[in-house]
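Presented sequentially are two complexes of chain A, the first with chain B as partner and the second with chain C.
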Partner chain A sequence: MYKQIVITGFGGQGVVLAGKIVGQAAAIVDKLESTLVQSYGPESRGGACSAQVTIADGPIYFPYIKNPDILVCMSQSGYDKQHHTLKDDGTLVIEQDLVKPVGDRDYYAVPCTRYAEEIGHKMMANIIMVGFMAGITGAISLDAARSTVEKSVPKGTEEKNLKAFERGWEHAQATLKGRRHKAAGKPGVVA
Partner chain B sequence: MQEEFKIILFLCNWGPHVAYQTLQDQRAEIPLEIQMVRIPCSGRITKALLFKPFEMGADGVILMGCTPGSCRYGTGTEAARQNTADTRKILNLTGLGENRLELATFLPDKSEALLNFITSFVARIRKMGKSPVTPRPMLQAQDITEDNSEAIVARHDVFACQDCGKCTSACPLALAGKPYSPRFVATEIIAGRANTPEVLSMVNACLTCGTCYERCPSAVNFPEFIKDMRGYYHGRELTGTPAHGGFFQSMMRAMTSEKLVPQPWQNLPESIRTGRQGPVLFYGGCAAYFDIFFGRFLKVRTRRIIEDSLRLLNFFDVEPAVLENERCCGHDLLWSGDRENFLRLARLNADAIAASRAEELITACPECAHTLGTEYAKHGVELPVKITHIHEFLEREIDKGAVAFKPMGLSMAFQDSCRQSRFNGQAALPRKLLQHLCNDESHLVKSDAASPCCGNCAWTGCDAFSKAMQVQRLEGIGQSGSQVLITACPKCQIHLQCAMDDVVRGNDLKTEMMDLTSAIAKSIYWE
Partner chain C sequence: MTGDEACAEGALAAGCLFFGGYPITPATEIAEHISARLPAVGGTFIQMEDEIAAMASVLGAAWAGKKSMTATSGPGFSLMMENIGLGICTETPCVLVNVQRGGPSTGLPTMGAQADMMQARWGSHGDYEIIALAPSSAQEIFYQTITAFNLSERYRTPVLIMTDEIIGHMSEKVIIPPADQIRTEWRPKPRGRKDRFLLYKPGPNGVAPMPAAGDGYKIHVTGLTHDEKGYPAMSVEAQQQMMERLKRKILDNRDDIIMVEEHQIEDAEIVIVSYGISSRTSMAAMQQARAMGIKAGFLRLITVWPFAEEKIQALAQRVKGFITVEINLGQIHLEVMRAAAGITPCHLVGHHGGTIISPDQVLAKIKEAF
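Our next item is the complex of A and B:
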């Protein structure tokens, strides 16, 4: 198993923390190897920024990622810059309200910023995205993701963050459920 | 020892009675099981009268009328045919079996055929065995509970009434022009005049809608007070006449017999998936019975609500278990004062629900949701499951995302269910669901406050004023330009349809009605 994940967005969205949670969940809880490369610089002031996470069941010799298996885009500029790097059979995950994908490649979308606002904490959009990405791709296990979220967020906000995580996870389950129904030719209740 | 069977023969005064008399004159051997009741016309025996003997322990019922064409009043035999056909269907659902009831018609000179018929009917019933319904003895004076009107007044702190009259000015019955005043009821009962015919009829007429309670500055919980007062009257056999001859109360009382095995899930569409056991239990309610009872003249299809709820559960990958022999929740017995039988039903239901080992019970009926969720516990019957109304389930699942809605494209009015919106305080929930169905602000239901009552509750006290208030409500909906009336309770559909079918008004009041659950089922899809 060798999975390369790139998460992009703009500074302030918590892209790096999201990457850190994914990597730690894989390494500490799921007992795999993982690396994280984060891009600093002007990005952290609001420009495009990204986190590159590699997860593997053996040693990782090169942490940089050229063509990810999973590309998570939380902003349009991140998407514009990166979408052509995604492998042909890779999985594209986007922030539904902020990214308008081009072409006819399949993708998974979650309105995580809107959901975060509903929960009352806009900065938890990244945690929702982690939940969604984990639910869709299965790159990290549910237990690993949950316990890492709990340990990685500021004290006192654990409960809220877990709720955010679950929101994303459940949206993923609903999305997959919907795809199963559509594949079975049953998109509606009566049809 | 031979078991004793009881078969009621409703015998029309005219044609068949002559034949019957001939048998008596000839000292023919009329089976001893037959208990004859002479009636003026077979067409006058309503479904309620056809069912009543079963509630009281009869093993079979024969309705005997004149041969078609020889009815003295023209339509008697035809009415008898329809009533018998409907009641037979309901006997099937309740688990009594349609073969316990039969309609037969005879010409005056057909005494031999009549005797043959009776004899073979008796044989059939003997073969079917005793009725599974155990008749309940009438309440005796010594059984009457200690409850008295002073205690009830004290329990609900009706003394707190300030005599302000806010309740009366909000009460839909008073607004419909009925000489009716909750304030008056309160003060009369406080003054110890509970047993006057006037107060009795007012207690019986109350819709228990809860509008007055919303307005009362002293928080006098009028519906709860009325509920206890009806129990008090029932214990003393002072209760007023229920609507539809008490058919539904009768049916529910029959269901308190443990040996009865109702079959409410017959004819579910094949595409609906239900299971035998699982964490989720779906509780249907009485819609199937209503559809048979009202099918002929109101053409309601309230069973759709149950079917669409099940389809929606399937849509979200839930294959609920159902109680194969589900009984009524008892709401109407409780609210018409028959606490004793309510409790019997509640205990049977609680056992069946516990045996299902489900964790969550979902129902589409607001009365079931309120009764199972609140009243059972209040009466000391604990349920080991979480009670969820289908609207709550839908909200929970829709919130997870990935679904979208085809807008209805119609402007909608909404009829609140008293039990959901006022008793359970959930008026916001159906409104939130309704929003999904609108793509245009102007289609939204305007009012946040719960709408007035649909005109009847628990099949008690329906009269010309109930009709007047329903007509007012429907006229209001017509004037608002709404194209469809969304409902949240099967009974609202029945009672409002009843007003729409007013022959004098022709098509004036006709409005399309659709249950909220069905509307969502029509519109939702995976994105």
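Our next item is the complex of A and C:
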């Protein structure tokens, strides 16, 4: 097993923390190996930012990712820069309201910033995205993801963040269910 | 955790009780992490006014009897050079971490490089020997920081950890063993009459015992050329004696200090030589080359200084060539060339800095050169 995940967005969206949660869940809870490398500019907010997470069941030598299996885009500029790198059979996951994909490639979308605002804190968009991505791709287990979210967020915000995580996870389940129904020829369900 | 955090944890595991530093990307997280942890173990963290003072404080703490360290990146490393020399001349054990970034000058603060390797060798003035290690993962920097402290205590000398932004900021799994499984060393303490003590009279391994301030020994510590007592001695003979000792205590213990790791060297025709983050590129490239039927091997320099020249010399007799992989435009490559001494061709896969070298680039060079 060798899975490469790239998460892109702009600084302040919690892209690196999202990557850290994914990598940590895999390494500490799922007992795999993982690496996280990040790129960011000198500015702390607003600049382009990306996190590259590799998860494997053996040693990881080269931590950088050329062609990811999973590409998560939290911003349009991140998408524009990275979408052509995704493997042909890779999975594209986007922030529904912030990214307009081009072409006819299949993708999974979640309005995580809007959901986060509904929960009461738009800073939690990244946690919703982690829940959604985990639900869609199965890259990390539900238990691993949940317990890592709990440990990674500031004290006192655990409950809200877990709620955010579950919102993402549920949206993923609904999306997958919708697709199964659609595939079975039952239109009209959320897809 | 990140490599920077693992480094701070390694320092604590080694018994470091003093960190004097000045924040700089990408080394700040070492200071940040250890500043939060040191008070709990009775240690001291000071943010000094600049890197010159930071290095001075580290030397002072060592003479106060504590294990001490600092961490910086290229620009700060440049400022620390003078006091690194003072540490070498006064034989002061301490550890300095350089989380390398793109240079020269302010360069690329948030992007990695390995371009300070020659500065590590002779960046301070004078003709001295230095110990420098290069970790290749967060787990390794944890252990290597302990090793760096042990070597600095054993040989009474500053030890450099030459890591880089990529290792520093990369998050990986780090397993911290229980304290009783970690071996820590302490500088030899003097015994006998305090009034007859000689500060620089070496023991059997070429290293002199070292008292701490307050132990009751009357000592004089100076960056001037000095005699065994530590007093300034402005003569050709004193210079020769002091320099010989500084050189010999490192060079005569090369077998103990130099650590390398060999991968599929036995039947290798092409040997990749690398260190630090680039060794991960090299390992991947070697495996890909093997899968293509190319007899490639990999020599990883865990200790970069002193340089493992005997190893290269021996390999040069039987291999078709060397490829050095490093994020600079040829620094350790020149050392490999020097050791190979024209017997075997040496090639470089280098980079200007700012990113890691990809295994494809190494493979392309193997195909082009051999």
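Operating definition for what follows: the second predicted complex is superposed on the first by the 185 of 191 C-alpha atoms of A that agree within 3 Å, B and C clash if a C-alpha of one lies under 4 Å from a C-alpha of the other, contacts with A are read in each partner's own complex, and residues count from 1 in each chain.
Keep in mind that, in the parts below, a contact is a pair of C-beta atoms (placed from the backbone, for glycine too) under 8 Å apart; a residue touches a chain by one contact, two chains touch by 3 or more.
In this text the structure is predicted, and so the values were computed from the model without any measurement.
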{"item": "Clash or fit, chain B versus chain C on superposed chain A", "value": "fit"}
{"item": "Which superposed partner A:111 touches (first chain B, second chain C, both, neither)", "value": "first"}
{"item": "First, second, both or neither for A:33, with chain B first and chain C second", "value": "second"}
{"item": "Which superposed partner A:56 touches (first chain B, second chain C, both, neither)", "value": "neither"}
{"item": "Which of chain B and chain C A:175 touches, first, second, both or neither", "value": "first"}
{"item": "First, second, both or neither for A:66, with chain B first and chain C second", "value": "second"}
{"item": "Chain C, chain A and chain B - angle at the middle CA centre, rounded to the nearest 10 degrees", "value": "150"}
{"item": "Lowest inter-chain C-alpha distance for chain C and chain B in the superposed arrangement, angstrom", "value": "33"}
{"item": "Chain B/chain C common contact set on chain A", "value": "none"}
{"item": "Residues of chain A that touch chain C when the two form their complex", "value": "19-20, 23-24, 27-28, 33-42, 61-64, 66"}
{"item": "Of all residues in chain C, those that touch chain A in their complex", "value": "25, 109-111, 166, 169-173, 280-281, 283-284, 287, 355-356, 358-359"}
{"item": "Chain A-touching residues of chain B, taken from the complex the two chains share", "value": "308, 311-312, 314-317, 397, 400-403, 520-522, 524-527"}
{"item": "Footprint of chain B on chain A - complex, ascending", "value": "110-111, 115, 170-171, 173-175, 177-179, 181-182, 187-191"}
